[in-house]
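Here come two complexes built around chain A, the first alongside chain B, the second alongside chain C.
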Partner chain A sequence: MRPFKLLDPRSLDEACQMLDRYGEDVKLMSGGTAILILLRQRVFSKPYFINLKAVPGLDGIRDEPGTGLRIGALATLRAVETSPIVRQRAPLITETFRLVANVRVRNSGTLGGNLSHGDYRLDPPAPLLVLGAKAVAVSSRGRNTYELKEFFRGLFETALQPDEILTEVVVPDAPPKAGTAYFKYTSLSETDWPCLGVAALVTPSDGGGTCGELRVAVTSVAERPMLLEHLGPLARGKRLTERLLEELGDAAAERVDPIADARGSEWYKKEMVRVFVRRAVREAARRAGLAAG
Partner chain B sequence: MTRTGEGRDARAVGRSVPRVDGAEKVTGRAAYVTDCVVPGMLHAALLRSPLPHARIRRIDAGRAATHPGVSAVVTGADLVQMPGLDPYFGPAFQDQAILAIDKVRFVGDPVAAVAAATREAAREAAQLIEVEYEELSAVLDVQAALRAGAPLVHERLRPSQAFADLMGIEAERQTNVCYHFKLRRGDVERAFAEAAHVFEDTYTSPAAQHAPLEPHVTVAWVTEGGLLHVTSSTQSPSYVRLSLARIFGLPLSKVRVTVPYLGGGYGAKTYDKLEPVTALLALRTRRPVKLQLTREEEFVTIHKHAVTTRIRTGVAADGRLLAREVAVYWDSGAYADIAPRVVHKSGYTAAGPYAIPNVKIDSYCVYTNRPPAGAFRGFGVPQVVWAYESQTDAIATRLGLDPVAYRRAHLLREGDLFATGTPMRSLAVIECLDAVAREIEWGSGLAGSSPPAPEVREAGVPRRVLRGKGVAVGIKAALAPSISGATVMLNADGSASVLSSTVEMGQGSDTLLAQIVAEALGVRVPDVQVVHPDTAVTPYDTITAATRSTFHMGNAVLQAAARVREQLFAIASDRLEVDPDLLRARDGRVFVAEAEDRGLTIPEVFGAAFQAAGTTLVGEAVYQTSAIPTDHETGQSERVTVMWFVGASAAEVEVDLETGQVRVLRFATAADVGRPINPHHCRQQILGSAVTSIGQTLFECLHFEGGQLTNGSFLDYMIAGYRDVPPIITPIIVERAHPEGPYGAKGVGETGALSVAAAIGNAVHAALGVRLRDLPLTPERVLQAMREREPARAARRGQVERGPG
Partner chain C sequence: MEAMERQIRLTVNGQEHELTIRDNTLLLWLLRDDLKLVGTREGCGTGVCGACTVLLDGRPVNSCLTLAAQAAGHHVTTIEGLATNGRLHPVQEAYIEERGFQCAFCTSGFIMMTKALLDEIPNPSEEEVREYLSENICRCAGYPDILRAVQNASRKLAARGR
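Up next is the complex of A and B:
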């Protein structure tokens, strides 16, 4: 890998100034799990990197009543996975994060790095999308909040501006009585990148028995993780029968444009969207106390 | 079945003693080639071809040569001008230049080499070399390579003369077929005409990576007296010495090849790989040079052959196998490496271990513009087993016969003739089949199919699944002729040293050889030191591969130890005044068989012979096996090998009907090991083979696009990991002492790999009624096969299932 200089800012302000000063010559680094591979493969290089781990206070995880979970961008995936507060407030996040890569990667990789990288093959975006998370970014221009569903723009492309630093992810409380589930599917080795991942959130309607709110997100299958907002209206007020689950799977597959690779062709991945949307919604419904079928 | 050797006294042999290298390895202290640092050492890097087939018009290395830290830049054009240098190498054909001369033949073909002060400087400099190519049309797969008028990967070929079994090979002229093995037995056409049923199918098995933990690495330097010292991650030190001596025109005594522990080989590290170019750089710079591949380079250095097998079998109404005709096409890539031997040895087993009177086999070794393919654990046999055991299963199923019973009825038995005309002996294949079938409770439920699967829930969600069971057998012959030499040195204190060129690559050879010597001399296993290969002191050995070390080096070491024991007993018999035949050695003592109190300790025996401390007794032996070469036209030979090794596998699988994913729930694999020297190590070898093969069966596959490997790193290519291992996996040792094996032992390094894919494929068929003919059995392929079988159902989807409304 080409030599580079690692800059250690002592504060967020200083990090922002460094971004302004070095411009095109600098990139942010946190856990390094993704970027080091790119550097080693020589497909990417920069003369400077800003070591965000040097900035204190960016890795907190706390619950703010009325707002939700506030997870610092520098919190490692492992810290999020094992946080009792996260487990209590958003068990879907715990369930998902324990499936990311392996424990060595989770110990090093950070939530902010994971989201900012914009790689389509990542698990964490899916639960955060269905929970309606927001990403907070700062720059010397000020503070900016992105809805996560508008954050992912394309392959390795996010809404973050070059001078912005993702500092925090805010996860609102799930609606009362919500059931959630995440299904990760690997079509080759179990330790491989996912073929796809599906997160679902279901609430029972006020009268019970039928579906209130339904939110579904798919990841690792198309250019970017996506919240499939068109599914909610299809299910609202209806019983989640097998037939409806199948319709939801079909409707999801129609909207997704898979990337074909060694893990599956476009045809196969569309089929798996159908299958795993059904499974994730069925399981979320079960956890919400709604009997499927 | 009586125990051979010194059965009653057996203490070191036949016991699962712990690995002698275990503690050193798990504590990270064991030294590998990568740990080797020589003062003043330079680091090398290679520039590789970006094109699958191209003429090299011009190379400008000017900028690289002046890059800071660079000591030398060498190209193919330089090689041809070096006096006394023969720049071509290869164990079968000398078809590979140290660096491409005139043209490149695959994406990744080394074009230039740089030696510099640091690895980084060498790599940067390599990128500064400018090469002008004239692209040639390429043959990117076997079909393209076999087409009339196809571009030739090699215009001419020169056979190597390194191995007796490869002396006679001839390439077909003006084609890309570098070797064609033929076997003809009986009259196949007449038998097909008489057959009640004829089965004809084509099976494929893809290219796969060895993925040793340690990538290839070599360090070379010239010491005083002009000795070329090469320490390398090789499974064949004796061959590498021979090859380097020939390339550089040196006497064998002036080439010293040493191999410390090897970080996994699986066949990838057989024959010469990095040694010629690293030695060249060391000779050129007169400095030590280290070349270590990146993982990405490892992927284009060597791989398991992609194979297409067309198999046709004629069967009588009662199920007898009347005729089998097999055509096997091997994609050997741009350089032959050891492929002709793979094609020959796997070729002659391609009809399977069955009684079939009429057999016709054609096995073709084909050059293509892909990275070279070579030896991989199983040496081509798993690819042909995939074909013949899938088809044998299809035959049994079609005839409504139980697949286990059907195989039992037609497997070769002791004394029967193999397709080569070789009488079979020491062959416990039926015992292996019975053992694995029993292990997975074959026969509970319908033949091959499991009892109905219980409702399977994953995270509380019911899944639609089907289960099935399958079996398969496999056979491979030991490489013959082959040679192992060994020296055993007994020290005056009762400790011993073994000089052997067998490479400890994780298979446990250090422990095994120590056990044999400890047994023969009556000393303690931990007191036997096995000296790692060093061609300056360890005798010639053909190779550490081919499941041959236990049998061949085991015998050499046993004979060498016996010669030491003779000397020991001769001295002791004088002193004790008894016939040496009545003496025994055990627990560091030599004593009289019927009067154990009458004896001497080993130090006392030495004291009687020598008036000095620290003396040694030395024994040497060369163990050689013979074979009769197969006939050029018919492939017949009365003695094609000295040892057959056979195994069987059985699998119970569960297939997810919605995703097509195959999960192996239970797996059993049995190997006929002769008599185990170390039962625990045997089971570990069987288990390791099985797990590797499960990955290759279910998901491993190298993908190429336009000759370019597209998944050549661990980011995109996974081997079986811990979570891919079936929840129940049972390695089984089947014992039948081999009359010529050391203490009755045979090898076991590859046996567990032979039949895995076919057993799983057969289980999938039992579950679904769908036969897959292409490996790997990815979920997509399984789902596709299910849909193809039920196109009507797929078309109805959304109508009938949902009801009319």
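Up next is the complex of A and C:
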């Protein structure tokens, strides 16, 4: 690993000033689980890193009535997974985070590091997208809030500007009676990075029996995690029959442009999107008290 | 460029150390090369095998993906820190009794994970054991023996009243 200087800011302000001062020569470091691999493999290096773990107060998890869950960017994946408040307010997050990497990585890796890395093979973006989460970033210019659906821009590319620090993820409450589900599919070992992940949220319509709102997000398939907003209108007001589930799977597969990798070819991933969108919506509907089929 | 070294305090197996390290030193290297605690192993170096597992403030982490500078001020427990007064820890005894290893390259990682698991969930179901240890890799002993070792260790700790 090439030598570097690790800077220890005492406050968020100081961290922002360091980003301004060192510009191109500096990168943020939270848990280090993603970045240290790149450094060790010498595919990446910088003369300076900013140790965000040195900044106090960025790892809180709390529920703010009217706003939703506020999860600090420095909260570890494991802290989010095991948080009683998260389990109560957003069980979909708990369900998903349990499936990320392994306990050791989850103990070090942070939510902010996970999202900011912009890797396409991540689990957390899918549930956060269907829950309508927002990412809050801070720089010396001020505060910026990004809708998560506009946050992921491309391969290892997010909307974050070079001088911005992701400080918080805000997750609004799910609509009443919503059923949610996350399906992670791995095609190599069971605990591998996802070949693909699908999160779904379904609410029953007012009269019951039919689908009210449907939200679906897929991750690890294309170059960025995506909210498939065209699926909602296809299901609204309808019974979620097997036939409709199949149509939804097909409509999802049509929209994605998969990246072929060690976990599946383009064709394979499209086929798996078809299958897992169906399964995730069926399960979310069941949990919303809607009998599918 | 400013100095790329720093002084840190680190408590390892209950003993406090004052060390001068380079900022890019991994906890794994510090333990093995500087403190000569070579029970912690390096397998993959990328977070997937668990051979390098140590406890940081009681929680298992990959020392291969942890900067020593970020561990400063915290408590590290390695395999060398489990025995007390020359007596092996019940988890270690359980691995011996159940023959939960052959070459033992992976074993300190498995034992540290088992310790962490049983601290968190004293009487885990088989499913919980499998989930917790799912990304610790053993290339020779066989996982059923390891599973039995975990269950044995859980009984031992219960009998001892932890």
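What we mean here is this: the second predicted complex is superposed on the first by the 293 of 293 C-alpha atoms of A that agree within 3 Å, B and C clash if a C-alpha of one lies under 4 Å from a C-alpha of the other, contacts with A are read in each partner's own complex, and residues count from 1 in each chain.
Keep this in mind: a contact is a pair of C-beta atoms (placed from the backbone, for glycine too) under 8 Å apart; a residue touches a chain by one contact, two chains touch by 3 or more.
Just so we're clear, the structure is a prediction, and the values are computed from it rather than from any experiment.
Q: For A:Val103, is the partner it touches chain B (first), chain C (second), both, or none of the two (neither)?
A: It touches chain C, and chain B stays clear.
Q: Between chain B and chain C, whom does A:Lys53 touch in the aligned arrangement: first, second, both, or neither?
A: A:Lys53: touches chain C, not chain B.
Q: If you stack the two complexes on chain A, which partner ends up touching A:Glu283: first (chain B), second (chain C), both, or neither?
A: Only chain B; A:Glu283 stays clear of chain C.
Q: Just checking: does A:Ser187 make contact with chain B only, chain C only, both, or neither of them? Give me first, second, both or neither.
A: In the superposition, A:Ser187 touches chain B alone.
Q: Is A:Ile37 touching anything from chain B or chain C once the two structures are fitted on A? First, second, both or neither.
A: A:Ile37: touches chain B and chain C.
Q: Chain A residues touched by both chain B and chain C?
A: Residues 37, 190-191 of chain A touch both chain B and chain C.
Q: Can you tell me which positions in chain A touch chain C when the two form their complex?
A: Residue list for chain A touching chain C: 1-6, 29, 32-33, 36-37, 39-40, 47, 51, 53, 78, 98, 101-105, 107-108, 190-191.
Q: Which part of chain A faces chain B closely enough to touch in the complex?
A: Residues 37, 41, 181, 183, 185, 187-193, 243, 246, 250, 262, 264-265, 268, 271-272, 275, 279, 282-283, 286-287 of chain A touch chain B in their complex.
Q: Which residues, counting only chain C, touch chain A once they are in their complex?
A: 1-4, 6, 22-24, 26, 45-48, 50, 53, 56, 59-62, 65-67, 69-70, 113, 116, 131-132, 134-136
Q: Could you list, by residue number, the parts of chain B that touch chain A in their complex?
A: Those in contact with chain A are residues 296, 459-461, 658-659, 661, 695, 698-699, 701, 703, 710-711, 713, 715-716, 718-721, 723-724, 778-780, 783-784, 798, 802.
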